[in-house]
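Given below, in the form of structure tokens, are the structures.
Two complexes are shown next, each including subunit A; its partner changes from subunit B in the first to subunit C in the second.
Right, the complex of A and B next:
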């Protein structure tokens, strides 16, 4: 007999097939885009991530872009100190050069691990909404409780990569 | 979202880029700017990113490596950009180069202005010329005032940026349609009630929570008794339920209808409303994917996972019909991959009234406790274990003692993003004892299900499953009501379904069949086909043809008091033709229409026999057609107000196939209203005050001589909820069925107007 388990699986497994869902979740990604924009101000990256004062602050998206234009809208014309903010979309890990925030949009554990391995030696804030993201070694996970967005943050890991997360942000998040 | 125009600026001077984007923002904040540092970069981007088609291009005349005019020439060579207006600009206007620009295809020339304001004006003019139409649309969509306690639609990104992180966290981001949709569900009459809709209603119990699905007929026939059906066939009221037997009801994967009569004992189906994630109600046959009883609909109650219900929840409600309801839940985590919750609740309900206004003496109480554990041992595995026990005593003319226990385990394994396995098993025991007319029923169920899904080629997604269920049903009664008293029922079922992408993003076909092997009728095949057309993201049109059966229950075959046994009883069968249309023009409005035409055959009929000791037997001598439609919608007039509701119309025609069919037999099978209307209003008066109303209009029910029930007049009534949220404590005053002192919904008992006060604490 078919079961809700089936529906859950269907959701999980047919993620790539549900074209509709993407547009319908746009409200969610609109808010998440603004969260990511806020991270820029609530987190300090080490000065070494910039070579020159005019270097860009880069927000990267890998594994398909769920945001549409929302991220671009959120950062349009914005600067952090002297750095202009730029959004880059990557097809593969190899394309990533300089990056400060990396939104990882894949639910495939192998792929996620590969991406996280790449970020391991760099000062990159990794963000995702994959359920197991923190356990897999990610830093910031979005999840939804009662239809509202919540954050889970692995601050130990962030500190290890010299990313200073403001207490204002930590206060509203579940911190591991 | 391609309605935000994109402007592509090609300029080597970053200060100019900055000024330009500032001016652009002032001119029209809904423009997205993309920059290129010089002509070479610009062409590289335009040539490699073929999805990039800006609405306007601005080119600086003087750039290193490649000047503006060369760049213009190259751009005009790219086919998809031929019609994109290109504006050239420079610090000075040279008449010769102006002519040249025009010849090369530039739309206009701008002299680089000295101030941002001046540039803003120029850009406004340009944008305005092209964007009047676009802006009109944008205005309609985005000119909604910003409200934090929003329900569905929210402000544009630039407004959201002004909010604090805490405020961002208060925005409701999921909506009705966010609910998991796979393609087969898109092509069905699915309606979803979200956890939030439930918590903002006055519902204390699951049965009344189902009232919020406008495609269900939900009737209360006594303090503990409910009859629930979809698309008709809400069978005659019987003790603690109704004879409604064409609905499949599942709670977290556990099928809860009883093989005793194919219906659901709604008194013992309870969940903590606080922990419900959503109710999914599909009207129409879920024949392919779902089991044997899904003839007229499927109700899926899905509770949240343990990691979503962390922390302490306490509530206490006290009032008139709801004499007392106390509930507690505590959720915590053992480590980062293991979460659990434990919960308990107790209901005390007061009496309803008899038709003459006397006390019906049907007060009752029930206590329930349970747990759920979700374990994520590795990346690809999820293990859920949940269990529950309950016990209660229901007073009535025949008072009843009930209890039950169950435990369920489910393992979900993902091989990849598109293939996976689900294994689920549960064990359940239910007990029901009527004391003053001795009858007991003990049902033990063991169930095992496997589902496997995998892609086949580019456009096929297959889903196959097999399930086995053994149910041991033991009855005792002084009059040998069921013969044999005990039965062991074995059910083997399998299904296969293929979701075929005919045209990506546009046409999808789902075909499949369910195979069912049961003790009574052996093999049953239930095929179906569903086609969905999604011309664009806002519209979905679908159509479906399905065949489904309701296999015999013990009530049909084994009932012996005054009835001749009916070992020849066959499955009831339906062929359902459905079509629907769903539209979501923007986030503030959604609307869905589903129409159906069902042809039933071999429906149960009450037949008369010549045997004076057993004057009746059940035959399959009724056939009929039903048709109707269901409209439902959601409207968010302001971000502080959410309206949802629906209207259902149902018409039925029956025909008897044998001369000895007892007259009016169709009324034993269903007593249904033609019209049904529901509206729910969820309103945040302020950040702290909530006023919520659920109103319903139910058409009259016909008199049924066969069950000795009079005609029940149509009625209008409403529930209201006032809440004050004070940090972690919510104070609630709720009223149910407020429009009249009492009313009859089903059968003969009067449901009184009632109120209760409630306090909720969430820590």
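Right, the complex of A and C next:
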């Protein structure tokens, strides 16, 4: 019984030590994780993206995970209709199989282009906080104004990929 | 209040009823209208606000989801459309306030978040919480607070309008009812006026005027019909009353007649009739009773028998009355009244009512005084007759005995004369004996004649001076008195009513007796006194209301034994032999008879050898008259 107690104490100690360093990035990505989760409710994917009703809704992350456990916590136990929500982390485009939202965490234009090319034939909502992401052919970009995270959306592209974005969401975003 | 309403005139009553009804109905209507209106307003307001809330909740989802406060505030600013909404807020799922309306409202003014969909009224406000969801994903809660001021202002306005409406309606109702109430109240007032006239004047020929064919018209008809009935009944009653009065008069006079008749009969009765109640108070007395009692009957009526006549308590009448009160029929054939000097045959008859209860006694007294007196007289005569009969028997016996004796002597001496006719001396002696015997017989016959004459005497009494009687006797007895050297002392004697010859015989016999039955020189003392009341009472046969004289003859003769004091007055009674003292035995019997005839007394007291005293008591008044 004493062993688990010791482990818990140790975890708390580590947590409080790393808090100062983590604060800025963690708050930002916590919000971004929630936003990503909220996209599920404001955007409709075509039915064809599911083969079976028990198929999962997949949130994919490529190019290193900035969220830590936040995104897992945000989606834990949640469902969209009958589909469980699952987070998958990819090291390369080749690993991507079935995916609904793809967070692209790279500032490299070549690599980003390569990933976007992959998604071009699929119904995948591409999300990134890279400044030129929309220009490069991305769909949703996070940016920060007065410490608030704002959205920039390329709705034409989303429509072309048969993703219906709610007007409500478009109202709070900058639409290209 | 109810009393006052009941007493108010019918016009005011109608008016009040109409106005009150109008006011109440209008008030209820207005109140109901306002209440319903305010409730409807509240429902509408609630539905409006909740709809608005729905819209805002829907519109604010993205702002919430992507933390766009400005957008949220902009969405909330749509609430301006509903002027009653005074404040609103959007809460995040963690209960913190995300946006407010109006913007920049102090967070402290908002309540704690409630995670539900609910709108409710509290005080003058409508509060509401509404969940904000996007595709079943809960994003936050909307709070809206709405003011009802506008509604209350509206209600106030409605009330004022209502009051004005009521006032106007009341005025219209007043005017209309004033115009219309006459159709109801006028016929009633008319009816009332008619009724008042009838009741005040008692004139049932008056009729109320009918004004319509409604209920009051029917009432007027009924009233008039009633009056007709009363009028005809009144006439009937009056004629009936007249008949009744006539009948009563007839009956009364009839009764009076009967009463007079009965009274006449009762008052004409020769008998005394009196009626007592059950306490023995006089109820009625007839005229005869009033005449007997010498008292008007109305002075006795109501009095108790003993109060009126205390003396009847012991006379037997009171006892008889008491018995009669117990139901006994009493007949007292002979009652001597202590009130009147009369005798009655009395009847005491208990009077019973229909239930056999005795309520009084009827007393009838039949005057039998005359009968009683006649009876008494008859008895007296009868007694005298019996006595006379006895005397006669005695007389016959004595006569046969005493008269035979001298006769037998005469016969014997006549026979001796025959046998001794040759002896002259003897013959003479026999002849003397025969003469003596015949003389004696003569004397006997004379005395008997005297005696019987007294018995049958019907001579009238006259005032007789006893001095004269005595003086004449002394002259008659002169020879004998001289012979015997007798002395008679006498006082002045009274004058008494009587028969002079009999009184002379009375004195003569007593003096003769004194002279005869003595061996000495006779001394006769005569005294005379008025009888004292004490002495009167010693002799019950004497009357107390009459003066009596006592005349006493005292001699010094042989006297007699006291036991013979009665016997000496019987006829032919001799205490001594003829040999000793001559006498017929009639003298004192004759005296007794004379004294009885004069309503007096005679008695003798003797002391053997010393003399005798004869006392004669004679009344000083003539008692034959009464």
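As a convention for this text, the second predicted complex is superposed on the first by the 152 of 176 C-alpha atoms of A that agree within 3 Å, B and C clash if a C-alpha of one lies under 4 Å from a C-alpha of the other, contacts with A are read in each partner's own complex, and residues count from 1 in each chain.
In the analysis below, a residue touches a chain if its C-beta (ideal position, glycine included) is under 8 Å from a C-beta of that chain, and two chains touch if they have at least 3 such contacts.
Bear in mind the structure is a predicted one, so any value in this text is a computation, not a measurement.
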Which superposed partner A:73 touches (first subunit B, second subunit C, both, neither): first
Touching partner for A:136 - first (subunit B), second (subunit C), both, neither: first
Partner chain in contact with A:28 - subunit B first, subunit C second, else both or neither: first
Which of subunit B and subunit C A:103 touches, first, second, both or neither: neither
Touched partner set for A:38, first subunit B, second subunit C, both or neither: both
Partner chain in contact with A:147 - subunit B first, subunit C second, else both or neither: first
First (subunit B), second (subunit C), both or neither touched by A:176: first
First (subunit B), second (subunit C), both or neither touched by A:118: neither
Of subunit B and subunit C, the chain that contacts the larger number of subunit A residues: B
Intersection of subunit A interface sets (partners subunit B, subunit C): 31, 35, 38, 42, 148-149, 168-169, 172
Residues on subunit A engaged by subunit C in the complex (per definition of touch): 31, 35, 38, 41-42, 80, 148-149, 151, 166, 168-169, 171-173
Residues of subunit A touching subunit B in the complex: 1-21, 23-28, 30-31, 33-35, 37-38, 42, 54, 68-70, 72-74, 76-77, 84, 107-109, 131-132, 134-136, 144-150, 168-169, 172, 176
For the subunit C and subunit A complex, residues of the former touching the latter: 58-59, 61-63, 65-68, 71, 134-135, 137
Complex contacts: residues of subunit B adjacent to subunit A: 1, 4, 6, 14, 18, 21-22, 25, 32-34, 152-154, 156-158, 160-161, 163, 165-166, 168-175, 177-178, 180-183, 185-186, 194-196, 250, 252-253, 255, 280, 286, 289-292, 300, 302, 308, 336-337, 376, 379-380, 410, 412, 414, 416-420, 422, 424, 447, 449, 451, 453, 461, 463, 465, 467, 469, 493, 495, 499, 501, 505, 534, 537, 540, 584, 587
